[in-house]
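Quick heads-up: structures coming right below.
In the two assemblies presented below, chain A is common to both, partnered first by chain B and then by chain C.
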Partner chain A sequence: MRAFLAGARIQIRFLTAYPDSLIPFFTAPLFTIVFLLVFKHAGRQDLTPYAAIAPVFIALWWLALFNSGWTITIERWNGTLEMLVAAPSSFGAVIFGRIATTTAIGTVSFFEAWLVARLFGTPVTIHHWGAFVLTVFATLAAMAGTAVGMAALFVLARNAVTFSNSASYPFYVLGGILVPVSLLPHWVRPLSSVVFLSWSADLLRATLDAAPIHDFWPHLGMVVLLGACGYAVGLVALRVILVRVRESGELSTT
Partner chain B sequence: MQAGVAVDVRELERVFTPRKREPVVALDGVSLTIPTGEVHGMLGPNGAGKTTLVKILSTVLLPTSGTAQVLGHDVVEETRAVRPLIGIVFGGERGLYTRLTARQNLEYWGALYRLSSTMIRQRSAALLERVGLVDRADQRVEEFSRGMKQRLHLARGLMGDAKVLFLDEPTTGMDPIAGREFRSLIAELKDEGRTILLTTHDMVEAESVCDRVTLIDRGRVLATETPRTLGTLISRFQRIDVTGADDALLAEVAALPGVSSATPQVDGSTRIEVSEEGATAVVLRRLVDGGVTDLQTSLPSLEEVYVQAIGERGLGV
Partner chain C sequence: MSTLRVVWYSVVSGANDYWSIFTLKSWVFGWLIRVVSQVTFFALIGKLLRTEAQTDFLLVGNAVMVAGMGATFALHQPTSERGNGTLSLLLASPSRPVVVMLARGLYVVADAIWSALLGLAIVGPAFGLDFPWPRALLVIPLTALVGVSAYCFSTFLAGVIIAHRNINNLVVNTTIVGLMALCGVNVPVSFFPDWLERIAESLPITDGLEAIRGVLAGDPWSSVAADVGGELLAASGWLALALLTFGRFIRAGQRDGSLEFAS
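On to the complex of A and B.
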């Protein structure tokens, strides 16, 4: 827990020192405008929940993924990665603390996106507040957990930032963030079902609908389960990969 | 665990296998024992294996074979036990978060060493004072000079109250005054009972702060001795610098048994080097009998030992 908090505290300081890493706060409102106007032009105001949720998910996932890649890259550039690994605290817990903090701060994009929606005459209403709050928490935890798994891969990559930038797009598609999973080819759908984003995006959209939410708890359980699996796999992968780079001597390789 | 042993390295070997290139032997059967409380210098040219050894001892690199222990804990099998006991200071500009302040850097590392909030505040303040950065504590590190960064590096390495410190060329970039202050800081750390493994290119530094020095080259230990004893490895005997002797006398002295050379120096003096025990006394007597009064005897410096032991390649460090 202490390692997690140490990671969280330093991340707040880093975000202040590197404000460019908060760029999704500028892009989220713009994405919202684009999506809202496209749906409005097509006469599909019923898709407003997609327009309201997609930019937030893009912002949150980008923050989680980019920061996991950025964290590893910056540590390498700074020459601190080796010292971080050699410190008594768990490397995985520190990284988790850092990514979780960034992702939590990313919830600001909810307010941004929905404020823009209101300004454009399509206010977003949360009909199931309890379900909404629980889903947001589960989603944030799952994002941070999965991003730790990605961070393990980034330790292996020479340029993790480039990798993390491009790695976000497949998740947008598989997660059904903007395009419903039901529109994807059949053979892709099984992949979507193991991406936690698809479950949490469905749930969040459902909380904006006045109709009762079907199978809320099983869906929420899937978000938590897949996020926990991502974190567990990430920790194991991190351990294995750290042993591997200690063997190969590539830990500090830039 | 051997009593009183801080670092115990046995037949340590490390081979790097770069892709599509020949394997590189960085450490080739290195054995080394450093008693608790010793300041031990590692002296060698670039690529000698100094940093590789430090990285293995600090648990960030695995050896290919052999064993290494820190305070009785194996650096491969018992990393959790080793890490709280060690502090690492890698030299150069890197190793710090430059957009954070000096205090923020130290506080972060304190947290990673599982210190309480109170302890983090107290220790970071004390260390900033100790390394002379208290007035710059809340300034971003990117505004620091190289020397200031090096001092902050050292403070960071001490945040965890390490029993064993690995200092990898810690005075790189320090000006002479900062270097002198650094050396007195090393002496203080030794007085506190810490063990220090210091890699350096600086002969004066090694000579002035190290209890013993290991000369290493191409992954092999050439010698481990006190700086003074190492000096005698090359020339067991004194050198004599003579001023005011005429050429005939110098020629006569140069022909004496045990005299290996008589070399004119740029300042007009002549350096006479002997290669046999007892020859110094004979040379001195002959010079005094010849009316020479301006002469000086000395032992070779560690730098001469280093260059002699490692050869011309040592000059390129």
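On to the complex of A and C.
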């Protein structure tokens, strides 16, 4: 726990020291404006909840891709990975503390998006508070788990930079963060079903609708399960990385 | 003549940068998939709204926006020169830094224009977008105009932020989404209040995109030509501003030491 908190503290210092790491908090309100403008122009203010949810996912996914995903790689570039590995505290706990902090801070985008919607004169109402809170927690946990997977895989992958720069919109489409997966072609839907964003986005939109939510628990279970899969992949990859660099003696040179 | 040599070597150097960033495989399976997904993401909003006109509007706007977005990435260039430690050499040389910067980033614009056209050519038919022949061919030079215009704008911004490397990515990302909101990419600029419409028209992309929409919709040539004139005016305005101010920003940075030593 102490290692986790230490990771959280250092991450807060990083985030406040580098304005670039706060990009999603500047772009989330702008994306909200773009989506709200489209819906207002089309006379479809009933879709305001869609416009308020999508920028939050964009912000969280951005943080996972460009911030959390690069946690271990940046430790390597800074030359601090060796000290982190040599320290008696858990390597994984420190990394998870950093990633969880980044993900938690991403919730600021919820308030931004909803504030912009209110300023547009189309406030968003939460109709199912319990389901909403549970979905938000499950989404944050899944995002952090997925980010741990990315952080570990980015160290192993040769084209991690290209992946980071390219893996935004494909996942926004597959995850149905703005346009529900049900409107995608049939052949895409199996792919969407293994992206936790699709389950999470459907649930969050449902909590903003007065109609009862169908199949809440199975959907929530899928969010947690897919997030856990990302986390498990991350843990295995982390172990592989540490064993590999210790055995080859190239911890500081890889 | 010496300026032409500087331009040529800058273009060659930029092209080498490009091939070190992408392989054909990573470009196709990384970048191109992102471009196609980005255009699809916005075109799908039209499906959500259940109107074909909206789908076409969003598809064309966001495909052309890829040219503007790619050109805005050129903002990274001065800071990458700083990161590589080559900015001080460039400043010490007798050639004008703005000429080198403009020429060195041409590959970014060429890539952006090509990506935008591919996005339109791939996603357009998938959503049933009509390409009237042969006038649709005009979309190619018009997209190039949009890319160049956005590049002039981003070169001006690059000068403004050259001494502030720590906010470089922030400026790039907010500029891109800001242009998406303002330049008639997702809603017509006529939907805005008058004062905001005037601002939008002074920005790159707006008029060029309108011209492209006009070409595809079969608008009279006079209307298309007026939009092309507007985009040319915006491009030359931003280019002039970049040429006038870039040197000043550099000199200011040299005076206070912020160019090489600021974070």
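Criterion: the second predicted complex is superposed on the first by the 233 of 254 C-alpha atoms of A that agree within 3 Å, B and C clash if a C-alpha of one lies under 4 Å from a C-alpha of the other, contacts with A are read in each partner's own complex, and residues count from 1 in each chain.
Just so it is clear, contacts are C-beta pairs under 8 Å (C-beta built on N, C-alpha and C of every residue); 3 or more make two chains touch, one makes a residue touch a chain.
Values in this document were obtained by computation on a predicted structure and should not be read as measured data.
Undergrad: When the two structures are overlaid on chain A, which partner does A:89 contact: first (chain B), second (chain C), both, or neither?
TA: It touches chain B, and chain C stays clear.
Undergrad: Mind working out whether A:79 is in touch with chain B, chain C, both or neither, as first, second, both or neither?
TA: first
Undergrad: Quick one: is A:45 in contact with chain B, with chain C, with both, or with neither? Answer first, second, both or neither.
TA: neither
Undergrad: Please indicate which partner A:168 is in contact with in the superposed arrangement: first for chain B, second for chain C, both, or neither.
TA: second
Undergrad: Applying the document's definition of touch, where does A:26 land relative to chain B and chain C: first, second, both, or neither?
TA: In the superposition, A:26 contacts chain C only.
Undergrad: According to the stated criteria, A:18 is in contact with first (chain B), second (chain C), both, or neither; which is it?
TA: So A:18 meets both chain B and chain C here.
Undergrad: For A:125, using the defined touch cut-off, is the partner it touches chain B, chain C, both, or neither? Pick first, second, both or neither.
TA: neither
Undergrad: Under the contact rule defined above, give the chain A residues that sit at the interface with chain B and also at the interface with chain C.
TA: 18
Undergrad: State the interface residues of chain B toward chain A in the complex, per the touch definition above.
TA: So the residues of chain B touching chain A come out as 16-17, 55, 58-62, 80, 83-84, 86, 88, 90, 92, 94-100, 104, 108-109, 111-114, 140, 160.
Undergrad: Sort out for me which residues of chain C touch chain A in the complex.
TA: Result: residues 22, 26, 30-31, 33-34, 37-38, 40-41, 44-45, 47-49, 51, 54, 58, 166-170, 173-174, 177-178, 180-181, 186-188, 191 of chain C touch chain A.
Undergrad: Where on chain A does chain B make contact in their complex?
TA: 2-3, 5-6, 9-10, 13-14, 17-18, 77-80, 82-89, 94, 243, 246-249, 251-252
Undergrad: Residue numbers of chain A touching chain C in their complex, please.
TA: Listed in rising order, the residues of chain A that touch chain C are 18-20, 22-23, 26-27, 30-31, 33-35, 37-39, 41-42, 44, 47, 50, 159, 162-163, 165-170, 172-173, 178-180, 183-184.
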